[in-house]
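Okay, so here's the structure we're looking at.
Naming follows writing order (A, B, C and D), and every chain is counted from residue 1.
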Amino acid sequence: MDAHLTLAPPFETETWFNAEAPIRLEDLRGRVVLVTVFQMLCPGCVAESLPQARRVHAAFAKADVAVLGLHSVFEHHAAQGPVSLEAFLHENRIGFPVGVDRPAEDGDALPMTMQRYGFKGTPTTLLIDRAGRLRLNTFGHVPDLVLGAHIATLIGEGKWAAANQSEEDGPPVCAA
Amino acid sequence: MDAHLTLAPPFETETWFNAEAPIRLEDLRGRVVLVTVFQMLCPGCVAESLPQARRVHAAFAKADVAVLGLHSVFEHHAAQGPVSLEAFLHENRIGFPVGVDRPAEDGDALPMTMQRYGFKGTPTTLLIDRAGRLRLNTFGHVPDLVLGAHIATLIGEGKWAAANQSEEDGPPVCAA
Amino acid sequence: MDAHLTLAPPFETETWFNAEAPIRLEDLRGRVVLVTVFQMLCPGCVAESLPQARRVHAAFAKADVAVLGLHSVFEHHAAQGPVSLEAFLHENRIGFPVGVDRPAEDGDALPMTMQRYGFKGTPTTLLIDRAGRLRLNTFGHVPDLVLGAHIATLIGEGKWAAANQSEEDGPPVCAA
Amino acid sequence: MDAHLTLAPPFETETWFNAEAPIRLEDLRGRVVLVTVFQMLCPGCVAESLPQARRVHAAFAKADVAVLGLHSVFEHHAAQGPVSLEAFLHENRIGFPVGVDRPAEDGDALPMTMQRYGFKGTPTTLLIDRAGRLRLNTFGHVPDLVLGAHIATLIGEGKWAAANQSEEDGPPVCAA
C-alpha cells in the first residue's frame, strides 16, 4: 500500500437506478468498491462485464464489497437514455445500484465522470479500496481469477489495518 | 412435404433496417427464409438467437437461404424504439435486413405480426420454405445442429422439385 | 449426387466397444453414417468432436443416422490401449459403437484405416451416405450448423431416391 | 489466521512428472500452494480443474504461488497408469509438477494421500498457506472468482506477517 495514492474522484451522475438516493463514494468508505463502467449497447459489457459484476455481488459479503454500475454513454446517446436503461437493467436482472454518468455541459460526447477518470471506453473496471482510493482502472475484460485476487487483496488490507492500528491512529492508510 | 401446408402470412412492418425497401415474403420465393423474431432487450436473443442468425447468414449460400430479423416488441415499448434498435444493430453487427413489427392500432401490447403468427415470446424462430410456406415456428432456442438440419432439408426439397418436375407442372408442392 | 462417387473403403479394426459384434459399413446401408475419428488423449476430440457425436446420436432418428467412433491411434500407443479406452468411454458416457483402428503390421505408426483413408490427424469427421459412399472426410472441427446441414442433406437424398425409384431399379445411386 | 490450524500432512507419492526430484510440501514453505487433485479420465478435471490450475500457474508470481497436480487414482487403475498419465500431461500441456498418489499397500482402491486427506473424489482443490497449513480442501468445482480471492487472501497473510514481525520472532504463524 502506498499512502500517496489519491482518493477516487467523485462521480458526476444525473440519475441512479436500484438506489433510494444518489450514492456518493464517501458513503462507501470501509468497503471495497467494484465499479463496472458500461454502456447498455456495448456487447462486451452485456456478455462479460455485467455478468461478472453480478458474480462479484453474489460472491462477497456486502460488508466487505459494494458493487456499482456506472452508465457512461459516449455514443448512441439517443438510444441509451434512462428509459431504455431502466428496461435493460430489469431484463438483465441487474440488482446493484447503477448511476448514469452526467453528460458534459459543453456538448462533448464524453460524459463528465468519463472525462474525469480518463476512461478509454467500455467496459472499464474500477476498484476502490476501503479508504476510498482508486486502485484499478482497466479498460477491457479482467479475468475472474485476477479480479477475485484484486478484490481479496483490498479486503485483506483493511483487515490488516484494523488489526494493527489503535483507535487513535485513525485510519492508517487513508491519507491522500 | 404436405401440399396442404399454408403460405406464411405476410409480415406487417413499419420500418426496415439494412434494406433499401420493405421486404415482402413473396419477394423471397425460391429461397428458404430464416426469420429470427427478437427484442433488442431480450437477453436470450442477444446471447443466442441473433448470433445464430449471423452464423446461418454466413454458412449458407445467399441463393439458397435468406435471413431476416423481425423486431416484435411486446414490452418496454418506449425503450426499444427505432433509434435504439438502429444503434443496437450497429453495435451487434447485424448485417441482414431487420423489420419492425407494426404496433397494434387498438393499443394492444402485442404487435400485429406477432398476433397474426401467434408468437409466444422472443426469441422465436421461423422457417419458410422455397414455396413460401411456414414450416417452423418455435419459441425458445433451437440448437445449431437441429436448425442446420431443418434448413438443409428445406433447401433439398426445392432441389428435388427442380430435378423431378417439368416446366409445365408448375411448382409441384406450392399449392396452399 | 454423383453416381461416380466411390464407396467408403472398409474399416480395419481389431476391437469394438458398445457393440455385440464387429460393425461393417455395409451393414449400415440405408442409413447415413457419422464417424468421429478420435484419440482418447486428443484434447480437441474430448472437448468438441465426441460431445458433438453424442449430440448427433441424440438428435437424429436411429433409422436415419448411425453414429460410430473410430479410435485411430497414431501417437502415444502405449497410453491409449484398449483398457484405457474402455475406461475413457465409460467416463465420457459414449454410448455408440467405437472401433479400434488396427495397427499397421509393418510397424508404421499410422493404423491401417487411417492410412487407407488418408486421415490427417484427429479429430476427423466422416460422413457416409445411405448408399455407402464417402461424402465428407474433414480434419478439424466442423460447426454444428454445418454438420447438421450435411447430415440432413444426406438423409434427404435417400428419401428422394425412395420416392422416385421403382423396386427393380435397385438402389439408384449406389453405383461406384 | 488461526495458529491452531494444522500443517498439511505430507503427500505419499510414487512418481513425479515435470519435476527433477520428488516434491515435498515443506520445500514450498513461504509460498501459497494450489494442489489440483485429479484423475486423467475424470471429465470434470479435464474440462475445468486442470485448465483452471494452468490459469493460476500463469496469473500469479512463482515466488508467491506454487501449483501442483496430484493424480489420485481410485478407479480404472489399469487405464490410468504412469505411461498413460505422461502422454496425457503432454497432450494437455500441463507444465507444473504432478505427483502420483501412492496406491494403498493393502489393496484398498483409494490411494494413500487420498485416504490421509479424506478426498471425496476428483476434482478436489487444496490450498496450503505460506506456513504449510491446509486452508482449503474442496471436492468439486471452485469458481475462478472465489479461487482467486482465496489465493490472494493467503498471499496477503504472508505479507502481513512479514511486515509485522521482527526476525527473532521466527515465522509468526507457523506454529501448528
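The working rule: contacts are C-beta pairs under 8 Å (C-beta built on N, C-alpha and C of every residue); 3 or more make two chains touch, one makes a residue touch a chain.
Here the structure is a predicted model, which is why all the values come from computation and not from measurement.
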| item | value |
| --- | --- |
| From subunit D, the most remote chain by mean C-alpha position | B |
| Chain centre separation in whole Å, for subunit B relative to subunit A (CA means) | 40 |
| CA centroid of subunit B to CA centroid of subunit C, Å | 34 |
| Centroid distance [mean C-alpha coordinates] between subunit C and subunit A, Å | 53 |
| All chain pairs that touch each other | A-B, A-D, B-C, C-D |
| For the subunit B and subunit C complex, residues of the former touching the latter | 52, 55-56, 59-60, 143-153, 155-157, 160, 164 |
| Of all residues in subunit A, those that touch subunit B in their complex | 41-43, 46-47, 75-76, 78-80, 83-88, 90-92 |
